[in-house]
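Shared chain: subunit A. Partners: subunit B in the first complex, subunit C in the second.
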Partner chain A sequence: MLFSKECKKILHSFTYILYCALVILMVVSQYFGESGGKVYPPVKGGDDYGYKIEEDHDIIMSSATVALTTEYFANRYVCYPFGFYKAVHLNNKEQAEVEKYISELSGLDSKELIDIKNNSNIYNYTDGTHYYSDYNVMDVPVSETLTYERFTEIMGDVDDILGGGSDYAVESLVVRFSRIPMTYEDAVEDYNELIEDDKITGAYARLFSDYAGIVLAIVPVFVAAALTAADRRRKMNELIYSRKTSSFRLVFTRYASLVTMMFIPVFLLIVIAFVQLLSMYSGEKMDMSVMFTLPTFWLLPNIMTASAIGMLVTELFSGGAAILVQFVWWFMGLMMAGTAGLDGMIGKYTFICRHNSLGMRRAFFMNWDNFVFNRIFYIIISLAAAVVAVLIYDMKRGGRFDGIRLFGKNSIFRRKA
Partner chain B sequence: MVSGCLARIVYSDVKHNFLIHYIVAVCVLLVSPVFFSLSMLDSVLAAQPLEVFVPLIGIVLMTPVFLPEQNDSIYDVVRSRKVDHNIVCILRLLFSVIISAVMIGAYVLFMKHCDSDVTIKHFIGSFANAFILGAVGFTFAGLSRNVIIGYMASVIYYMLNFTLGTKLKDFYLFSMIHGGFEEKKCLLIVASVLIIFTLTSRKIIDSR
Partner chain C sequence: MNEKIVIKNVNKFYGRKQALFDINLTIEKGMFGLLGRNGAGKTTLMKTLAVLHKKKSGDITICDVPVEKAKEIRAMTGYLPQDFSMYPNMKCDEALEYLGALSEISKAECKKRITSLLRRVNLIEHRHKKVRELSGGMKRRLGIAQALIHDPKVLIVDEPTAGLDPEERIRFRNLLCEIAQDRIVILSTHIVGDIEATCKNIAVMDAGKILWKGTVQEILENAKGHIYTTNVEKRFLPQIKKEYIVTGMLAQTDYVTVRIVSDAEPDLPNTVLTEPDLESAYMYCLHSNGCDVMGGEE
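What follows is the complex of A and B.
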């Protein structure tokens, strides 16, 4: 009864209409409009079959050592800590540390490194404003005694010295330094993976979730904040507070109705995507369930977390504060996901999981354990946030707490007369 | 005397209603060096923080113009006063726009000081983005009488710039990153129209 009332309230709210409009717009324009078309078998003799990630430790160590040495000589390290360009210049002490690491990677001492620097061609370039000099380092040997484990440790340390977001971050090494162009045979294998291993739906389910996940990491907060703030706005608080129903039941019913209502348009879009797949690949063998289970497992934690944060911060501060918190989280998550790479580079705590490709199945399954941990982690976090929201609501109900206000009457910064 | 009264309104508004928004806007600018490099950038790279991040202050400063009277009881009290409520809102909006311009100007000058290649175009481009984002929030908040809807509308518009990108054509916010500037004129005009439309609509609705 209470659940259906809350659902009706959400259904008639303007924020929910905007939410539906944005989710539909995002999926239609990005998934249906651009990337979700039929994949055809590769044609022999093509120019470009894309690239693949081959976790070849020798290639990774060699390419990364050359790249690091080149940037070390110019003392200009390009980083993308939040997806945006940042040039890092190190001081003498930090440069000496990097040099020590390069010596360990290459087995060369300072003098030999200087020789490489002197023998490298310098090429000058300008962007129209500034002039830069870079060394065209062709080859730096990799020490024969260096193990891959030690190599990743060194790269992690270098990334720390650079402040993060560099190509040398351990989680980026494989993607940055082990991309190789695909041959026709590789392209055929990739296509066969889509048909045989992914049973078609697996690949499309990942792409669908990738696009929908971007909006579902932020927009639910508006619906949740508006619904939570509505009681205060309409002066219904006292009336609801005086009811017999427990705070747990009130808050969790509202939470459940928010999550259910916000998942409905997503589910309908999944059904439409599935019907489209049936018509595109009629006659092919498909795994029917994956198109429903994977997006649900991928996207539901986003809706649950954004809604729970919206409710919690609105109860604690205000709707505006909830939007600010979720926006900062979303912005940083989106930029960091972009920096890590859009092909299955999913960390244990990445809020916005990305896999912007129908192929690259292996790259996604390389991080499968992280993905499962990640989604379960956010389900637990969201439930914990909802429980805290219950406690705050209960305190407000009992008159022991009235939310935190920074300014105005009864605020924490109000000067006493 | 009238100007003294208006000055008191502005002072009181800033003190009681808008200080938190100004603090948030300043925090947005102060936190930007965490995400972006600000020194020794060429014209295109300098446009990144100025188009992507700095304009967010427009949402922070312009969307909550109607927030203090969002509560119906307060709104009824305010409407009964001698000074027209619309004039108070216009004053708040003007002040928010001026503060946005000053903050963006200071930011651009700081980048110039850090040896980045920024010009008056960067200032205008960044301000145009802040103005349109704020105007979208202002319009939706004003017409729906709910500031959350205002924030939602401007964040959706901002988000669409990441997903739809150049498909937005004249409404694309990040054009300077791609070497363009013409779009900014359109943004400034549309933002002005939105503001005039909102104020007029509210006046008509209130008079009924």
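What follows is the complex of A and C.
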């Protein structure tokens, strides 16, 4: 009874209508409008068949050594710990350690490295906020005696020095440094994988999830926050606080109804996409279930996490602070969506999983274990956040906590002062 | 089951500020009035009873159940806050169904109770109206219905008549009296008329303390010998208001009949000792307990 009433409440809320509009807009414009069309077999004699990811140790060692040397010269290492962008600058001792590793990778000593640095062109660029100078390092040799095992050990150490989340993390090496252009034969193979291994729907399910995942990582937070804040805004919180029902039942019923209601438009879009595939590929053999199971496993953790965070933040903070934190989440989400690799680059903790391609099946399955870990990790995180929201709700209900205020008379900053 | 509320030595703080000082009260079945000025601590006490606030020390039991057992207390109390509303887009019966679900009543039972309660609070014809379309008085009556949806043993109503027109106020008071036939009803208010018309037992609060507790008759007795009336010329009124606690004025043709609270007989011509009404008795109670009372001063 309570579940259906909460669903009805959500259905009639403005933020939910806005949510539906944004999800539909994103999926219709990106998936249905741009990339989700029919794939035809490659034509021989084409110029560009895209690229593929293949575990070629020589290419990996060579590309990674050049990349590391480039970042070492600038002392600016781009990392994504937990999926967030971070530019790492090392101190002299750490730089010396990295230099030692580059020497081992390349067989070059300090003086030879300085020569490369001096002979490299410097190019300047900006990210809109800061100006950077990087060395355009063209070629760094790889030591002939270096084995791939030792190479991965060194890369692991470098990643540790950088604090994790760098391109040199062992699990990222293949995807980051082993991209090679596809030949016609490769393109045919890629196409055959789509038809035979993915049974068509698998590939489209990934592409659908890729686009929907971006919007579902961000927008549910606002729907959840609006529902959570509605009691106070409507002066109904004391009527609800004084009821018999437990805080756990109330918060989790609301949570379940939020997740259910927010998944409904996604599910309807999946059904439409599936019907479209049936008509596009009539006569082809299709996997009838993966179009539903993969997006559910991919997208549900996004909705669950964003909803739980929305509820938690709104319970934890009061007034304007909750809105501020929601916008921080929004920007973080945008940043994560923008910086995550477009295909195959699914880290263990990357909240927004991306695979912006109908092909490259192997690249995706190379990270399958990461993907499964990632999704389960976020389901656990979301449930943990919901449990914390229950505890905070219960404290507020019993008058033991009134929410953290960042602004105004009862701001935590004023109290400290 | 012992149908009473026992409050023993209850203290409550907001941060470092003490809001309730050593409150001791026993409230039995029927209407109980908690009278006090704004900021006296009535709402704090009400919320503490409704388990919305946590006391710092002392004991409270409601029908033998300590307030620490929040779920049991919530199951047996209905609460109507001073400043409340409901989701404006919900219809009256939907809002009650929602709150009934939160009180864990079965759907069938809830529907039955909603019809009966809406009839009782005279809103049955408006059951399909949206909450935002209700008048202030109708909203309060809906508030009472929501507080009774789970048939609580105790009903706590905080300033329920503030802002209502006289007719709606009388209707509301009568409704509370009916409800109090078979349960404890605590009415917190700063409007003496509400208490006078409904309660047998009362307590007077000020600055977080109970100043007085007993029956209405007893507080009237207590004020006997301290309430006077006198007829004065209008021009002397400002002076009288400065010197005495004036609780009532009745303008006549060329003079004003003034009701005064005083420890001793006022040194004014034509002064007559009068039977106290509850308003004057309440003012005398505040005055005799050292509260700063400026009855008629503008």
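The rule we apply is simple: the second predicted complex is superposed on the first by the 285 of 417 C-alpha atoms of A that agree within 3 Å, B and C clash if a C-alpha of one lies under 4 Å from a C-alpha of the other, contacts with A are read in each partner's own complex, and residues count from 1 in each chain.
In the analysis below, contacts are C-beta pairs under 8 Å (C-beta built on N, C-alpha and C of every residue); 3 or more make two chains touch, one makes a residue touch a chain.
Everything numeric here is computed off the predicted structure, so don't read it as measured data.
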Subunit B versus subunit C as contact partner of A:Lys117, first or second or both or neither: neither
Subunit B versus subunit C as contact partner of A:Leu239, first or second or both or neither: second
Subunit B or subunit C, by number of subunit A residues touched: B
Touching partner for A:His57 - first (subunit B), second (subunit C), both, neither: neither
First (subunit B), second (subunit C), both or neither touched by A:Arg362: neither
Intersection of subunit A interface sets (partners subunit B, subunit C): none
Subunit C-touching residues of subunit A, taken from the complex the two chains share: 1-2, 5, 9, 12, 230, 234-236, 238-246, 250, 397-400
Partner subunit B, residues of subunit A touching it in the complex: 14-15, 18, 22, 25-26, 29-30, 81-82, 84-87, 127-130, 211, 214-215, 218-219, 222, 225-226, 229, 233, 319-320, 323-324, 327, 334-335, 406-408
List of subunit C residues in touch with subunit A within their complex: 47, 50-54, 70-71, 74-75, 77-79, 81, 83-89, 94, 97-99, 101-104, 107, 110, 143, 146, 150
Subunit A contact footprint on subunit B (complex, rising order): 16, 19-20, 24, 34-37, 40-45, 48-49, 52, 64, 67, 70-71, 117, 144, 146-149, 151-153, 155-156, 159-160, 162-164, 167
